[in-house]
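Have a look at the structure that comes next, please.
Letters A, B, C and D mark the chains as written, and numbering starts fresh at 1 in each.
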Amino acid sequence: MTAQEVNAFLAEVYPQLNDAMSGYSVVDVVPGGCTVRLDATEAHLRPGGTVSGPSLFTLADIGGYACVLSHTGPEALSVTTNLNINFMRKALAGPIDGLCRILKFGRSLVVFDVEMRTCSDGLTVAHATGTYSIPPGQPSNA
Amino acid sequence: MTAQEVNAFLAEVYPQLNDAMSGYSVVDVVPGGCTVRLDATEAHLRPGGTVSGPSLFTLADIGGYACVLSHTGPEALSVTTNLNINFMRKALAGPIDGLCRILKFGRSLVVFDVEMRTCSDGLTVAHATGTYSIPPGQPSNA
Amino acid sequence: MTAQEVNAFLAEVYPQLNDAMSGYSVVDVVPGGCTVRLDATEAHLRPGGTVSGPSLFTLADIGGYACVLSHTGPEALSVTTNLNINFMRKALAGPIDGLCRILKFGRSLVVFDVEMRTCSDGLTVAHATGTYSIPPGQPSNA
Amino acid sequence: MTAQEVNAFLAEVYPQLNDAMSGYSVVDVVPGGCTVRLDATEAHLRPGGTVSGPSLFTLADIGGYACVLSHTGPEALSVTTNLNINFMRKALAGPIDGLCRILKFGRSLVVFDVEMRTCSDGLTVAHATGTYSIPPGQPSNA
């Protein structure tokens, strides 16, 4: 699936995503990974005026989900089993890119990491590693 | 600070929390920990009709923040540096309690864990461990 | 399997464990968990004279393995897929107990946590959360 | 510090490292990171004949430590506060490289990740993210 197809699919099966906390999209899909973006506004800030942890977690989680979707086809039922995130620098409102790499694409588990950088200056603000579980009987490329 | 005081403080300094994804509150504060609650509605669901990862991450993150606030006083500037979460069972809409324990309350780092259970049946749906960093010069009880 | 049976099994299938870094054993098995112990000596210390991170990681990993073994029977092939560990206090040489709880015992994944405490004063020195994967076709109680 | 200087320093302050589980060394130091190596032998194997989790954890931990040492000078007292590791593929005995990147070099916390690849075929067998804490009053380049 292309970035556009993943976005259309997410809008259909996961309307909550951009109903409540809008601003998330897939901007690029490449073999072995993808790039997701958060256009952080006032709604994504926490005390101190910086982008909140839940907003960046959501970006990382969508990144992993987009990796699975774009590399298996429209399959909405895979679920996150683990996600570890480190917050490294404060990020002001504005676009933040999540560069996602698939570290392992197994039969039942997909392991990925996501480096989150502010588009304005390219600084890494957070880094996450996670695992998606693909239920048995789903299409998979590995 | 009591649960009520923490809720009032959060409403003041972190309006985004319940603007976008409402339903979070502190229900109890005890020495060495606290309990936070998510009243999960349709807005918190992901594909498959179960409570989303970002919703549970937010619950865990608020739990750690409430631990810091309730044990140091109204200090809004502490930040999450790391959070690791495991998702174990699907949870339907309804109240979910996050039972938070402070594992370490150091001068600059607070380590906590949160066990998240559906109130209807008491099953553990997710578990998180995290670290908050308290900036130098803040009040602290350790 | 009892603690004694797990120790005998580990000695047989995992001789490296106590060849290189001796001092690890299972001291108790209960429904839903177990207790493992490290008798930390000079060999387990790192710079600064405190018990090393790898020694405590090993204790946590054995704790998860003992949870799987004691609740499924002698099955050596399950593997760790993820382990997250927080180090909270320095521990001097001496016995350290790892109190392990099974958070989820699924068909293919077992999630557990381990609280590591020095036996001398009961202080928590480290906390870990991990996942073991049980290959298909293995006996399992869930 | 160069790779050679870090190795000499480790041999002096951390003799336990290669006493018990030999085979660890720093093979390269570059700005913003370093490469560490484990020459995995029979002693590093777990049941199933593959390199054990504790052996790979140790490689990742040394990688973070070497990042701190090589970028601050001979300072033995920094400590790991958190390490999260994902195991992705089984690795047979033989050399495994840990490619370490410094994600953040703060005043008190250093965040790094380590990709571990078997030298024989370049496959990623494990990935870790961790944090070292540098005590106040230490030299630091950030």
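To be clear about the criterion, contacts are C-beta pairs under 8 Å (C-beta built on N, C-alpha and C of every residue); 3 or more make two chains touch, one makes a residue touch a chain.
Note that the structure is predicted; figures quoted are calculated from it, not measured.
The chains that touch subunit B as well as subunit D are A, C.
Put simply, the chain farthest from subunit C by mean CA position is A.
Centre-to-centre separation between subunit B and subunit C, using Cα means, comes to 28 Å. Separating the centre of subunit C from that of subunit D, both taken as means of CA atoms, is a distance of 22 Å. For this pair, subunit A with subunit C, the centres built from the Cα atoms lie 33 Å apart. Multi-chain contact residues, meaning those touching two or more other chains, occur in subunit D at positions 81-82, 84, 86, 131. The residues of subunit B lying in touch with subunit D in their complex are 81-82, 84, 108-109, 131, 133. By the touch criterion given at the top, residues 84, 86, 88-89, 103-104, 106, 111, 113, 115, 124, 127, 129, 131 of subunit D touch subunit A in their complex.
Considering their complex, residues 13-14, 16, 19-21, 42-48, 52-54, 57-58, 61, 76-77, 79-87, 90 of subunit A touch subunit B.
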